[in-house]
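Just below sit the structures, each encoded as structure tokens.
What follows is chain A paired twice: with chain B in the first complex and chain C in the second.
Up next is the complex of A and B:
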């Protein structure tokens, strides 16, 4: 394979990202920017989860814990310690990675459903712990001093800047996802997904590979958490560790197509688009999570490889592009 | 004559079941060792003990001069041990070529992806499986068995454990596979093969070990084995098998 051909899978993801950034930039619509912000955040989280779920084949029901944990730590440094946003974001990513490393060593020995159950426990335990810790505000959480925004040119400027920073994070998430997928490390992960015992017999150090996949899938959620709570102005336990968001992330990845770079992007876009419609619809607004559940059920039953997987099976000629 | 693998009195229990009892043998480099015995005799368990899937409770395993009794499965692969499985384990959603590349990337030589791709192409050619771009899950059973061998070979191992590679193949496929095994040996790879097909295992093994209820009841050249009273006795539970064994054919 020629060198550039390895990277054709990046074309659509990058085009999609550029399109999403240009739309509110050109139209100047703040409402559009806010909608896209939500979608970009979902893409960053779903692409990260995909490294674990799609490449390695491990279902994490509590992946949002890395968003909440990194977010909390970064936000604490930002408000209580006066760190600049960039260092706080970095600290959030590193803390989440560290937590994933320690947890990975402990719970990645579990396989299948047992691992999935353990991840739920981790999320719930973390939310409870944070609720009991007074120095980070306990159940009421932390609030940003409005003056903090001054350093970034005022609140309006800070919010606008957050959008473009998020776009850069999404770019990083896409590149990470792509380069993991085409790497030797990624091949080892795929082997684990297909048959962990066979992979080990062939020499894949599964415990290490799984731990690193878990760490890689935790970094970007940690960074996104800090940025989101910075933009939001406050953080509290129920916003940081919402179990249902973990499940929504699973739906996005499965909907778009697990194990592909484009899948989680498409899935996050489609899911957030649908959610936007449902929560504004009089009939659906209270039952939108039930709809998500029903969708997950349909995907698992009828399209286990998701939209992109389905297209790849039917259009082999486009496999290079739909990577 | 260098000893590649030395199995020294290994014992393995599963709860109350004595799966292996003090198995001992030395395997010189370049030989084909046949491992036979009735179903449930402990042949696959012995493979699992050697490659670290179920480490034995007692005894030692020395591979290329190193004690590997407690080594992990993937460490054994890095040291130059490869195996196939009786029940094939293809990586279904990966292509045949990618399956073989896993062997080359993570086996003894740990190649990068580009080199691994070239090795995969060579090995697939050698093994006669020209379906590199097909998904592994779409192969038939004979092709999947070849894929198992190709993956193992791509690791460029010193020792290859073959677990019933002939089972479920039709006669012409069996002949092809036997030729492949002999060709692998020509490449200088030492082989232990578990096989029920007596004609095949008698025909190509340099030495044979017979297991029965986890104990080693005989060891020797194929000629010594077919005339060994204990072996005949073990197989007499199945007169048809004993007959086959004595006639030395399928």
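Up next is the complex of A and C:
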């Protein structure tokens, strides 16, 4: 019975996910479902970013490019080619992974800040390129024919279904994040994070490991992109490649604790919750961004390992659970 | 022939603009060169420089070029404050920390700026006439902006190579612990360098405000341009930044003669990635 102990880190993430799915299901509130949808989407994206950022130690400022790229390809297949949602989502994930593989071969040779700058460049080049491509709608993007929803039981049913599909994707993201972490491959990534040259000397094939980490972190955003734009009914370059969303993802991962499975979940939940509070609060509404910035600064300066990292240092007994 | 005419008309403008881009990028690259920090609050500080010019000229009636001195002083002070509050604690931490620390400063400035000025566009309505050379006409404001940019670069060069604080900055950039052992107060010097970097950004903003409309969010575009220029010229190389600015300004003015103007950012960022990959030290060499 030694084996199950490796998986204790999954308990809290899965409980959290189940709780978030059950709440709107039981209460039947559409508003609650929509806000949980936003949180789940953030969790899926932040958990995937964590594979690159938290485990491998590469700072990507343009991770949202995989969300936009996969989303665009899937949405194009969905609207122009009449593909069903499932195959379109699969295509979105695969194409994001493919892009990450090709780009990763090139830009993962860069380290530190140079890599971060290159990812910004990739995102901006892609956004501007998509704006120029007329077959996917140029600057105005693509719109879904309302009739498409009929195949999924009408618009209201389709929106509800998207929520449960997203929950499944989040489950996949959590499992992916967990199994990468406990695998030998994941150990190699952690070694790269600590010292890439030393890791190579110890026999980690760093270029390959980095590329696969990058590919794994790109799949889920591609799938989520297709689902989100399907639910949204349209896709535009500025919605698909928002640079600030990439940075919000970084904030979430930092907030919760990079390099842990639970951290990005907690971070995404806390960040979205805080934003929701600040935007609706009369006093903070206008300076919402400043308050978020000040909180981020506090975390970076005083709790650089995030909430989970801090708890792990304080409560060693709980380390098995707070993985 | 029509293309040649178009080129002749837009090329000088691009060159003049390139000098101003160069000053903005110099601020970014100076900070990188001295302390290996990418300043993500660069854009909002450029925007603050623009608003400084607006407030001085529209509200107080000060000539925008005289106001540059005020803007420079305020930029220097602001930079020192930002360094002391946000950067000093994470100066030795991994890159992510300093990137996020400066980004949180970015969020704070944009948030307060939005509350104060909203995100609607502003305009400094200031004219210095224009000069006709053949079929090309040069706007006076851009000509003066380019002159100011050259002047600023020259002064920076003299400061870094001929004065004691400037030599301290270069010593700290070269080897902080060795400089510390020689009795150089490295924290103060780092704060000064950060201040100089933001000062250059604010000056560039003040200059840009005299010929383009702007909002509190417009700094972001110039920040991205500064990244491109900084990498083009070699990160940490101030003179390279000026050259990189010229390259970008020229590119921006000649590309529209051959294809639609909206291809410009695609080419800029494509070039940026290629240079990062092929020659990360930039066309003119990174800091030694």
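Operating definition for what follows: the second predicted complex is superposed on the first by the 311 of 323 C-alpha atoms of A that agree within 3 Å, B and C clash if a C-alpha of one lies under 4 Å from a C-alpha of the other, contacts with A are read in each partner's own complex, and residues count from 1 in each chain.
Rule of thumb we're sticking to: a contact is a pair of C-beta atoms (placed from the backbone, for glycine too) under 8 Å apart; a residue touches a chain by one contact, two chains touch by 3 or more.
All figures in this text were calculated on a predicted structure; none of them were measured in a lab.
When the two complexes are overlaid, the chain among chain B and chain C that reaches more residues of chain A is C. Contacts of A:59 after superposition: chain C is touched, whereas chain B is not reached.
In the superposed model, A:184 makes contact with chain B only, not with chain C. Of the two partner chains, chain C is the only one that A:124 touches; chain B does not reach it. Of the two partner chains, chain B is the only one that A:199 touches; chain C does not reach it. On the side of chain A, the complex with chain C involves touching residues 53, 57, 59, 61, 106-107, 109-110, 112-114, 116-118, 120-122, 124-125, 128-129, 131-132, 243, 247, 250-251, 254, 258, 286-294, 296-297, 300-301, 304.
If you check the complex, the residues on chain C that touch chain A are 32, 36, 38, 85-86, 89-90, 93-97, 99-101, 103-112, 114-115, 220, 224, 227-228, 231, 260, 262-263, 265-266, 269-270, 272-273, 276-277, 280.
Those residues of chain B whose C-beta lies close enough to touch chain A in the complex are 51, 53, 72-74, 77-78, 82-83, 85, 89-94, 98, 101-103, 105-108, 110, 112-113, 116-117, 151-152, 155. Residues 1, 182-184, 187-188, 190-191, 193-195, 197-206, 259 of chain A touch chain B in their complex.
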